[in-house]
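Below is one structure, written out as structure tokens; the observations come after it.
Letters A, B and C mark the chains as written, and numbering starts fresh at 1 in each.
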């Protein structure tokens, strides 16, 4: 795994100490926290390309807050969300985290953003309050008082290989992703699965992250190699453009594609033109069958009324992770009785909490969960396989 | 192998044409008015949304063209009269103003269309065989129409009365004014033309990429590189710039990978800014 | 004064905060040439730029056949009937010679330039060439021909003979006198007294932004004029 782009510790100390000095010089009236409220700091991308996840994530988090407050809040106190921008540079986000802790007196921080911001937040928070990283993630980080709710590559690959690769006897793999830590970490995991299944990798390439890419050259190259399946770790707009280009080149007759971050909004962008023989493996699809998902959908409609269908269309796995994050916070604090690292980490082991797809269990600070494999049908997901209780591979100590 | 080279060659031609068309609007406004329009990408974005809107209403794809001209032409005109007209020759102020405009347009699109990806169904599905290589029909149409549009624009700019007067205005504005040319009117016309060209290129790329409010950011930098490398104020410079930037990117991407392709583009652009800031083709 | 084609009254102006022209008055009638003389930097070009509208008048009036035009911008004054040849940047460098001539005409017909081609055959030979590639003197000739052929009531020429061969200066003089007979009015800034003497009806001599001498060609003697032209 490559080192994420974060400031060095020394730079970082500089940032945080100047922020602290700044706060000390201008004491805020808000510093007197309302003891009756339990504040949850929530980082969502408010600007930039990733902000397509904002509306859905926010709505889900607000729904979860209503539910938690209806059930008596956290430790008897009403929950209030304090939002911060997760779509900024890592150092900027770190400053916001310090402000949230010192100024807003939040007692837990959750976040849905990229890995660079995550590393910066981990170093800024230093385990003083629990930090919950909610979206899809690479495995491997065990910082103190830090918890991961998203699907890991291991969990995605388990259902991809069990339900798609092995039954269809897919042997040659082409890996294409954006050039940053998550895609490379996912592919490291995938390579283990490929080796186990007796397949071979016929191509692996990465395109720059954060700049628009064209994929004509890559699709042409893939076509000439003619693999059985393409494992796609492109994100956002690149994921859309790649799959649309692939569709346009008429290569979707035989070659299968699997996206590792292909959720409702990305599929809407890809459109029916480009989604033939395209699969996705995640912990949530809005079309997944089953009672818990339906309950979530009903609660969502009840809260948002008329705007609900339009808003619900923007909710994918990344959105419902923010829903789970609030419920996780409740369960964690209820069991630990404090926000201290030692108490929380101990309490997290085996902790059961509510998610949009029913109760989930945390083990080694990652989640054991139900995984789904879906095939794209036009612009909707059709779930073709379900695997319950998929364990995570974390070895984090508690 | 032969097929691969043929296909990658068509990809290169496509990349160059697409980039040239995307850069036209920026080149017109920067080259002729000296304004680096940082909202160029947002006009492309608005053009793409015009395609989304007509498709949503079930109208033919081509109706997006008059709609884009109407919408972006009017916005361009209002902006020119209210803001830009007062700022020509104040380079820094025009940067700030167009940057602010880009934010405004992006946020307005966000308010109207929401922060979601939209896709526009391709108007020409399927592939056509070119030298034995199946190539997407719509992309071939982009190559054909784009090259024609650039050619026609070059001829028009070089020979038409308006083209000559625009060149007179940019080359020697004092003299142009004393000959009775209304620099105000020509400047407004030029700005509106630039925004309309951006919008039309937006319509063109709508079926190729995800349409969303932030997409404009994707295009400003690369089209700016085209102008830096190509040189200002002529269609031929634009073509050289697109050939250099788009061609290099496509060739390197075809035979190594996308990261090196992007890297080579950045290195080329920096080299030009440093060593030959006036670009390949210097006018006059 | 009342029958002046172009008159300017108490004109004051300059660049930025620097005053250059201080209360100058003068006029030119139909079929008449007013030559503006003076050493370098006394405000001759500034006066012409004020008349054309490239510089804003700080005070004073400009009247075109009795109508005040000092509030009009440059292109509007041109449409009112004023042609202008600047001292520097005299042509459109990246346009061809032909396009320089025909840029503002109703058509691209070259017929109306025959009189100029007859005297300056080099223009005809270089029609397709970019004007930027001409020598300084050739550009002056091109600019001169372009302005005179516009046939507007008033023509402002700022040092038309600068860098031009004497033979061609004489051709210019002949063309100016032809236009004059046809009723044109001209304000011509000059340093070359011999040229001025072949065309001027009246003189306006400037020093330090003010009129120091004025009168008809007959009124003023050569020595007085020369004393204001040389240091």
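Miscellaneous remarks
Here is the rule we use: contacts are C-beta pairs under 8 Å (C-beta built on N, C-alpha and C of every residue); 3 or more make two chains touch, one makes a residue touch a chain.
Small disclaimer: the values here were computed from a predicted structure and weren't measured.
Judged by the touch criterion defined above, the protein chains link up one after another in an open path, with no loop closing it. The most central chain, judged by C-alpha centres against the centre of all protein C-alpha atoms, is B. Rounded to whole angstrom, the centroid-to-centroid distance between chain A and chain B, based on C-alpha atoms, equals 35 Å. A straight line joining the Cα centres of chain A and chain C is 75 Å long. Between chain B and chain C the centroid-to-centroid distance comes to 43 Å (mean Cα coordinates, whole Å). Of all residues in chain C, none touches 2 or more other chains.
In chain A, no residue touches at least two other chains.
Under the contact definition stated at the top, not a single residue of chain B touches 2 or more other chains.
Those residues of chain B that touch chain C in the complex are listed here as 164-165, 167-168, 171-172, 174-183, 283-284.
Contacts from chain B toward chain A in the complex involve residues 3-4, 7-8, 11, 14-15, 18, 114-122, 125-127, 134-136, 138-139, 208-212, 214-215, 217-219, 221-222, 249-250, 253-254, 257-259, 261-262.
Against chain B, in their complex, chain C makes its touches with residues 52-54, 73-75, 78-79, 82-84, 86, 89-95, 99, 103-104, 130, 132.
Within the complex, the chain A residues that touch chain B are 48-49, 51-52, 54-55, 179, 205-208, 211-214, 216-218, 220-221, 223-224, 237, 240-241, 244-245, 248-250, 265-266, 268-274, 310, 313-314, 379.
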